[in-house]
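Next come two complexes, and both contain chain A; in the first it sits with chain B, in the second with chain C.
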Partner chain A sequence: MKNVLQWNPPEGLQEAEVTYTVQYFIYGQKKWLNKSECRNIKRTYCDLSAETSDYEHQYYAKVKAVWGTNCSKWAETGRFYPFLETRIGPPEVVLTTDVKSISIVLTAPEKWRRNPEDSPVFIQQIYSNLKYNVTVYNTKSNRTWSQCVTNHTLVLTWLEPNTLYCVHVESFVPGPSRRAQPSEKQCVRTLKDQASEFKVK
Partner chain B sequence: GQEFRFGPCQVKGVMLRELQEAFWAVKDTVQAQDNITSVRLLQQEVLQNVSDAESCYLIYAMLKFYLNTVFKNYHNRTVEFRIMKSSSSLANNFIVIMSQLQPSQEDEMLSISESAHRRFLLFRGAFRQLDIEAALIKAFGELDILLAWMEKFYQ
Partner chain C sequence: GLRRCLISMDMHHIEQSFQGIKRAVQAKDTFQNVTILSKSETLQSIKPLDVCCVTKNLLTFYMDRVFKDHQEPNPQILRKISSIANSFLYMQKTLQQCQEQRRCHCRQEAINVTTVIHDNYDQLEVRSAAVKSLGELDVFLAWIDKNHQETSA
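The block that comes next holds the complex of A and B.
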């Protein structure tokens, strides 16, 4: 739940020295609040993760541009709901191979932490219906298949020995707005089948 | 398949995703009409830490209110904002859910049902403090909060 406000610079001001100021608002509360680290800044983004860390609240944010003695109107977002709109990061994936199988151990992504010392909150503590979409690609047969699981361990069986398999996993929570980000593709080779090797000799 | 379990109350045959998508399609349109951002009807005190036992009473009261008050009186707005399809989908699904909810009327459940009722009164009280038009728009715009809470009971 790292929440970063981003915007485009105003058109036609390429030559001017433009700075920006950001404010945010918690829906249901009374007033707009300043984000001190995003006052008179030149960059076109502002990290509001700390301010929006309570994912059950809803938020608005707005930004205005200042150049010379001029000042733009505020540009305001719609109502932002972290609980529904966050993008679920990829899980950590550990693969262990055998002759005809690959064991997969998944670790759910963590919620964004304000301070590294804060104890981690794993995403499935927030979304009990977190699922994983495991995609496997057999590089020899060019065959790809996927399976959706809810628990953290999975064994792929009936694989071919001495074959390179590539795996990537996406953690997702059902819901129209929540996009998911797949893990990096990892490729491992199943072990050689010693038995069939002896026969060949 | 998946179903809602509000404590002892089970609800089958409703796809939560359909409800979420119906609202999501009109979220920006509806919420943009709500200018009173300093008021939240579904405050955290209404929906936070609701026990399983309370949940059936609370969802029954909420859906009944949305059907009898919000959807009913918001109808002409749905035409104006061209959100009829979403509004109908939400209302029809709410009718299906309500038809399967049978909150227990046993005496021993009285304190639990009263606790749920207090939560509902918090919501309705905030609703009644607003001009009816503004309240209808706000209540409709807060369906994402209600659906997010309902998601916790969807298994």
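The block that comes next holds the complex of A and C.
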């Protein structure tokens, strides 16, 4: 999981050249560990994904500021539990239309990979109770409805022909609430109903 | 075979109660180098067959030791802890029925896990041990969530 420590610069030091140093701690272990890539840095974030990749452990992180010959106290996080606190990204969404239906195929988001060559781990391998909240908007009737599904395919039926529908999907895991991150809204038009068009002529 | 004994309960309410006290309780836990429900050695290694017994033993651990040993001055936190304790009481009754139907067998592996947790608890001064165990409720709740679903096998 992608875990990035972020902080705000100290107040009143806009003119000074401030650098930061980060350390992290694995709950239950013995000592604080250095993050070498985040020693004396100027930016106000540090990627600790590699150090916190075991999502079933819990962690602390801390950062201190240095400017001139001065040095701040350590500012420490609370206990961070990736398994419960990671924000789960949206699935990949593929829509296929018919006259009165739309087929939706969902692909679960992947776990963050330390190395691009690592084989992918899909989120539902970690969260077996992963679910999806599918929201559908009928642009003609202005009606919106949502469905909660667990499998990866869904067919929306009894739709209106030749109508633009917009869909977005959120992944979620029952348990402590996490901020959801919906997928990009996708809009597709159902096909025209050829049969009714022949009758009209 | 015998149907597995599962706690069919809305865990969301309990998790919300814990989320309300997590920061405050964990901040009181100053022994970061020690854990009670340590991860890999105990909870994550439990097999489906032992889930019921371990759940029962850990509910007893919290009800009979942690909640009793913990002295909480803050009334809001105390209210949340009481809410969690009431939910645990309900779970205990569910598992009690399973035991009466012989669906909550305790193998040595399950007993060993419980022993490790009690030993971890005993190594700390009792108030510190209770605060630490309270702060690790999210580990226990996540474990229950994961192991007491229909699909978890």
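By our rule, the second predicted complex is superposed on the first by the 200 of 201 C-alpha atoms of A that agree within 3 Å, B and C clash if a C-alpha of one lies under 4 Å from a C-alpha of the other, contacts with A are read in each partner's own complex, and residues count from 1 in each chain.
We adopt the following convention: a contact is a pair of C-beta atoms (placed from the backbone, for glycine too) under 8 Å apart; a residue touches a chain by one contact, two chains touch by 3 or more.
Small disclaimer: the values here were computed from a predicted structure and weren't measured.
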item	value
Fit-or-clash call for chain B and chain C when the two complexes are aligned on chain A	clash
First, second, both or neither for A:Lys42, with chain B first and chain C second	neither
Which superposed partner A:Pro176 touches (first chain B, second chain C, both, neither)	both
Which of chain B and chain C A:Phe25 touches, first, second, both or neither	both
Contacts of A:Arg143 with chain B and chain C, given as first, second, both or neither	neither
Residues on chain A lying within both footprints (that of chain B and that of chain C)	25, 27-30, 56-58, 60, 78-79, 81, 83-84, 128-129, 174-177
In the complex, chain A residues that touch chain C	25, 27-31, 56-58, 60, 78-79, 81, 83-84, 128-129, 174-177
Complex contact set, residues of chain B against chain A	16-17, 20-21, 24, 27-28, 31-32, 37-40, 43-44, 48, 141, 144-145, 148, 151-152, 154-155
Chain A residues touching chain B - in the complex, by the definition given at the top	25, 27-30, 56-58, 60, 78-79, 81, 83-84, 128-129, 174-177
Chain C to chain A touching residues, read off their complex	11-12, 15-16, 18-19, 22-23, 26-27, 32-35, 38-40, 44, 135, 138-139, 141-142, 145-146, 149, 151-152
